[in-house]
Amino acid sequence: MIVRPHPHPLSLLFILRGSIIHAIIGELVVVLGAAALITGFYHFRPMLFSGISLAPFTLLGLALSIFLGFRNNACYQRWWEARQQWGRLIAETRSFMRDLRAVLPDRDDRTRRLGRRIVGFAHALRCQLRGERVEAAQPWLPAGEWLGLAGLRGKPSEILNLQAQELADALRAGEITDILYRVFSERLATMGNIQAACERLQSTPTPFAYTLLLHRTAWLFCLLTPIGIVSTLGWLTPLATVVLAYAFFGLDALGQELQEPFERTANAVPLDALVRIIEISVLEALGETEIPEPLLPQDFVLL
Amino acid sequence: MIVRPHPHPLSLLFILRGSIIHAIIGELVVVLGAAALITGFYHFRPMLFSGISLAPFTLLGLALSIFLGFRNNACYQRWWEARQQWGRLIAETRSFMRDLRAVLPDRDDRTRRLGRRIVGFAHALRCQLRGERVEAAQPWLPAGEWLGLAGLRGKPSEILNLQAQELADALRAGEITDILYRVFSERLATMGNIQAACERLQSTPTPFAYTLLLHRTAWLFCLLTPIGIVSTLGWLTPLATVVLAYAFFGLDALGQELQEPFERTANAVPLDALVRIIEISVLEALGETEIPEPLLPQDFVLL
Amino acid sequence: MIVRPHPHPLSLLFILRGSIIHAIIGELVVVLGAAALITGFYHFRPMLFSGISLAPFTLLGLALSIFLGFRNNACYQRWWEARQQWGRLIAETRSFMRDLRAVLPDRDDRTRRLGRRIVGFAHALRCQLRGERVEAAQPWLPAGEWLGLAGLRGKPSEILNLQAQELADALRAGEITDILYRVFSERLATMGNIQAACERLQSTPTPFAYTLLLHRTAWLFCLLTPIGIVSTLGWLTPLATVVLAYAFFGLDALGQELQEPFERTANAVPLDALVRIIEISVLEALGETEIPEPLLPQDFVLL
Amino acid sequence: MIVRPHPHPLSLLFILRGSIIHAIIGELVVVLGAAALITGFYHFRPMLFSGISLAPFTLLGLALSIFLGFRNNACYQRWWEARQQWGRLIAETRSFMRDLRAVLPDRDDRTRRLGRRIVGFAHALRCQLRGERVEAAQPWLPAGEWLGLAGLRGKPSEILNLQAQELADALRAGEITDILYRVFSERLATMGNIQAACERLQSTPTPFAYTLLLHRTAWLFCLLTPIGIVSTLGWLTPLATVVLAYAFFGLDALGQELQEPFERTANAVPLDALVRIIEISVLEALGETEIPEPLLPQDFVLL
Amino acid sequence: MIVRPHPHPLSLLFILRGSIIHAIIGELVVVLGAAALITGFYHFRPMLFSGISLAPFTLLGLALSIFLGFRNNACYQRWWEARQQWGRLIAETRSFMRDLRAVLPDRDDRTRRLGRRIVGFAHALRCQLRGERVEAAQPWLPAGEWLGLAGLRGKPSEILNLQAQELADALRAGEITDILYRVFSERLATMGNIQAACERLQSTPTPFAYTLLLHRTAWLFCLLTPIGIVSTLGWLTPLATVVLAYAFFGLDALGQELQEPFERTANAVPLDALVRIIEISVLEALGETEIPEPLLPQDFVLL
């Protein structure tokens, strides 16, 4: 996520970091070249273009705007849902710790294990979503448990299972009643729902055919438009074409980035920073003294 | 569902698999033919077209864009809701197994039956939604139960009923309290809600009159547009018409595919793979040793 | 609801059943007449129209498209919410029966009364929403209860009250605990919410002023447009006007139909068929032997 | 709320009641005058307007359409949420009465007080939202309670508090268990949520800057457009301008009305009628014999 | 939040307070200057602009409208969600106090502490969201507790923890049952969810690349458009350009303001006034006699 104070309106024009230009510079160069070619050709054979109007290209461009608007909306919703699910996870973690500290005897071993295991869950979920190795979860679990997870695929959900078993032990030992067991069980179920929602967002992109259809229509539009405008704009044709291509390809590329909200990219959800917030919440609740610092943006980017 | 790494922007132009072109090639050929006819006719009788402007066709095209945008949004929402419901089912399954293992004695017969029956439910629901025979659920149910389901219509919901009866046996036998019975009963109710939502999506397409109205307007637009643009675009007319037809019919066909999210098509929700995830979750939770592999995309397509 | 396999793309052009043309044929004829008149007048006094451009009409048409898109979205949401509520009712019914069979002694009188009364509720709600007489609920209630409902307005909610009283009897008789009473009570509350949502959809159409504003703007647009296009399109004017009128009045009429989702029309929610599904679910759950068949579409229409 | 059977399509053109014309007649007259002035001026100095094209005005008009579409959507959502909250209140009232009758001894004093106090809550909420004096709630509360509410600001939420205290009395007296207390407490909490949502809708209009921006842009558009179209439309200019102003100002005014859904206006939510439905539900549930009639629309308007 | 009675339609044209003009006056001046320069240049070299049509600029402008519409929708949703969360907090506070008064002995020390601590939570959350020092929460907590919060980062959530511990004390002391503990615990969890949602809205702006892309496209559009319209509009060019810039930059700036709903700006959510409502609710519920007045708008602005 890009974090920067809202800059002065004019300086917005010269910011590169966070701009989508990096992602579409190739497209812009190709379009500029094609438009320059057509403009050159026009100066040799202006008659060929004499009667061509822009109207059909306008129509295509407007249809493309509407479809890009629709797809960007879908991609933005995905990104925002990803952020909501992680915000929800922070809240659920805090609620779990709150009830834990209130109901179980303060800061004994069981409380500590139950608290640290949630951090392990958050680390395991983060690593799974980013396609990284899940070793980060290891220090937060009791020594033996990590080994038991070795062969299993769904490490995050297995950690929730261990959590439930420890709570069931407390239930059988009479430390909590069945009502209180239910309170904790509902929290774990919500965490499981969050996990499933994140996996859904990760494994199910917007339909690939949309990406294809829109990308191709954008290319067709940008390559054909110079034919339509060269007779009226003349030497301004390449400039106008590139401005249009910047708007269309830029929005297309932004949608593409946002629809993969768990990647380690500048516009994605900052999972590292969010997991750190969970660490701090749990360690403070357990009364630990060594609390790590929150992650700060590097070069305006929080990962 | 089509699963492929995001390809290089330029290679996007040449991908066929996952493209909607297969579905609309017929329409494109007809439109191309009509546009070519009109262009030919124009060369014999250019006077007939002399004063015709594109403006009314532009208007029709923009109205069509807006309406197509609206319908695609509705279809996309249906597809996404279908995926959400199945993601929810995975989460509910895991939560059910988590509470089961925590509360019931570990890995006895009842736990195994309760766990395997959920997989049976998922298989039965999948087959019903895809209009296939539900035999796939049979190996997951105790031998006698499958026979008892023979004459009944609603097999998935009947499997949930069997699940509830086994839980009620546990309640009467004093293995779980009424609070814990309620925990499980809510999970089953959520699974029932998921089933009803899937049936709703399957049995209720978007209103047929929308399909008709948009399809017809798209045809009218694509067949009439060449009349409007031939006098300004000349020999470019068939090309421009086909580009427009590609955008409009393509979006129309995509909406059509997405609105039937449970079909066995490339852009549908990959039910087979999701049921396999449920199988793995349950078998791991039951401590089984033979765990099947997750399904992998064949030719970039996951079914 | 119109149920038909997705027809061949070309045959879509010739389907009448389910088309919105029936509803707007009057408007189309009037618009065609007006456009023909203006075209004729143009041939006598072409000078009057010489300088008139289409631009202001285009503007009006696009504004109209956007507003129609907005209203159709609202109407579609209403229709879809109506369908969702009834899908939810089916799920709640099944969950109610599931807990009932699991918790109460199997298939005794109380279970049967509680089950059949839900079907009575569904029939009473269906009839109220369609403005029909509620006699259809009678055979599903115990003999005396129907008489007691005679003078009361809110029959569906009164049936839910009878249901609650029978459950409270079971609570007092010690057949269920207060936790289990709460499980059933929540189901009844959800059914009450569904009822209230349906009544809201029935009694609160989209604001009448929208209907007026859009309908009038559509008329103004269709009657004025020929003035703008006759000088460029000539003899094609009536055809182009009717095509535009088809798209605009068609979408307007579709929105109008969808916004009354409980009427007995081809595009409405098929309440009869959904109530039949509830009947089947309950009767199967009660172990009855005479189970009615699901309703099938007649002439592609399910009511 | 305007309640009328859907009129014949053609008669829709001549309906005044419910039309938004009343609210914008002033604007239309001003716009008509300005357009007539410009048209007159054009006949004296046609040269001044000779080269002016409509294109920049078209652009402004389309941007305005899109922004108006966005704002109307937001206003419509507010209105619909207001209606949903009150529909929810009706359902919660009925559920509260259902559990009350089922669990408490039938129709004794406590049941009657608890039932009538809900009606008092609905009246107090209605009056607060409409900025009217809350005396309407008085007859529904026990004599002494009304006096105790005298100095307090938040009468509706204080009435809910009295309700909770009476339920706590029943809990302490052993008439209900803590599980059943929780059932009722959740209902009261939902009613409190409904109250807070209504207060939010009442106290937080859409941002004032939107209203200003859109209203001013609409004025600029309507006053400048005649300059652009007078050279092509001539004597049709005032007519075309008024038609456009009707569509834009009409939609603007409709959004304005809808965004204040609790006012006593024709397009607002009919709070009086909804409170009457609550009265009838409660009185029927209490077995009273004098039940008031539902409110009927006066002159097609339900308040 | 700007609070003013809806002014007379014409006076809307002259209101400055609440207008977005303050924020964009710089942009308007720059655009006006550029347009004047181009117009002047045109009078010296009209030939250079002779063939240039507005069409490509129209296309850019419409695409910009659609993208601005999409972004404004996202920003408005954020602002509205912020307001919803605080409305929900008010409702949860009242529900908490309602159950507290009903279940605990009236107005003893524990009740007072539990009530006042919620106000402390609201103050701490408000200050954190606005980036102000959290001393405002101090007077609402027992003397010792404030010191204990000194070193901790997450003061709002720590206050909720203290609340939970006091409730757990009451549970252990037998003043409430575990069912009632759960009622209160769920309220605290909801407050924690509200806090997490507010933190999410505060810490996660809409993706910065959208801001950049739209702002730059708006600049490109406003600076290039005069080139396209000067040959048809002549001396009207600067006026028309400024009107367009007003609409586009105005909407852009409004979106920017709305997306930071917790700032101390005129269009933000009035946190001070909402916390005061919570204070009043709690103090009235505790039976205090000195109740502060609600905050009133200053100069039409409520902060």
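Each chain gets a letter, A, B, C, D and E, in the order it is written, and its residues are counted from 1.
Rule of thumb we're sticking to: a residue touches a chain if its C-beta (ideal position, glycine included) is under 8 Å from a C-beta of that chain, and two chains touch if they have at least 3 such contacts.
Keep in mind that what you see is a predicted model, and the values were worked out from it rather than measured.
Could you label the subunit B-subunit C interface same or different, taking same to mean over half of its residue numbers are used by both chains?
At the contact between subunit B and subunit C, which are copies of one sequence, the residues are largely different (under half shared).
Since subunit A and subunit C share one sequence, what rotation angle in degrees maps the C-alpha trace of one onto the other, as a multiple of 5?
So the copies are related by a turn of 145 degrees.
Quick one: subunit A and subunit E, Cα centre-to-centre, how many Å?
23
Whole-Å distance, subunit C centre to subunit E centre, using C-alpha means?
38
Specify, in ascending order, the residues of subunit E that touch 2 or more different other chains.
55, 58, 62, 64, 66, 69, 73, 179, 182 - these are the residues of subunit E that touch more than one other chain.
Chain contact topology under the given definition, line, ring, star, complete or other?
Contact pattern: a closed ring, each chain touching exactly two others.
From subunit A, moving on to its ring neighbour subunit E, which chains come in turn until the ring closes?
Listed around the ring from subunit A, going to subunit E first: A, E, D, C, B.
State the interface residues of subunit D toward subunit C in the complex, per the touch definition above.
1-2, 4, 6, 9-10, 12-13, 15, 18-20, 54-55, 57-58, 61-62, 64-66, 68-69, 72-73, 76, 79-80, 83-84, 87-88, 90-91, 94-95, 97-99, 101-103, 177, 179-180, 182-183, 225, 229, 231-234, 236, 240, 243-244, 246-248, 250-251, 254, 257-258, 267, 269, 280-281, 284-285, 291, 294
Mind listing the subunit B positions that touch subunit C in their complex?
Against subunit C, subunit B makes touches at 26-27, 30, 51-53, 55-56, 58-60, 62-64, 66-67, 69-70, 73-74, 152-154, 157-158, 160-161, 164-165, 167-168, 171, 178-179, 181-182, 185, 188-189, 192-193, 195-197, 199-200, 204, 206-213, 215-217, 219-220, 224, 227, 256.
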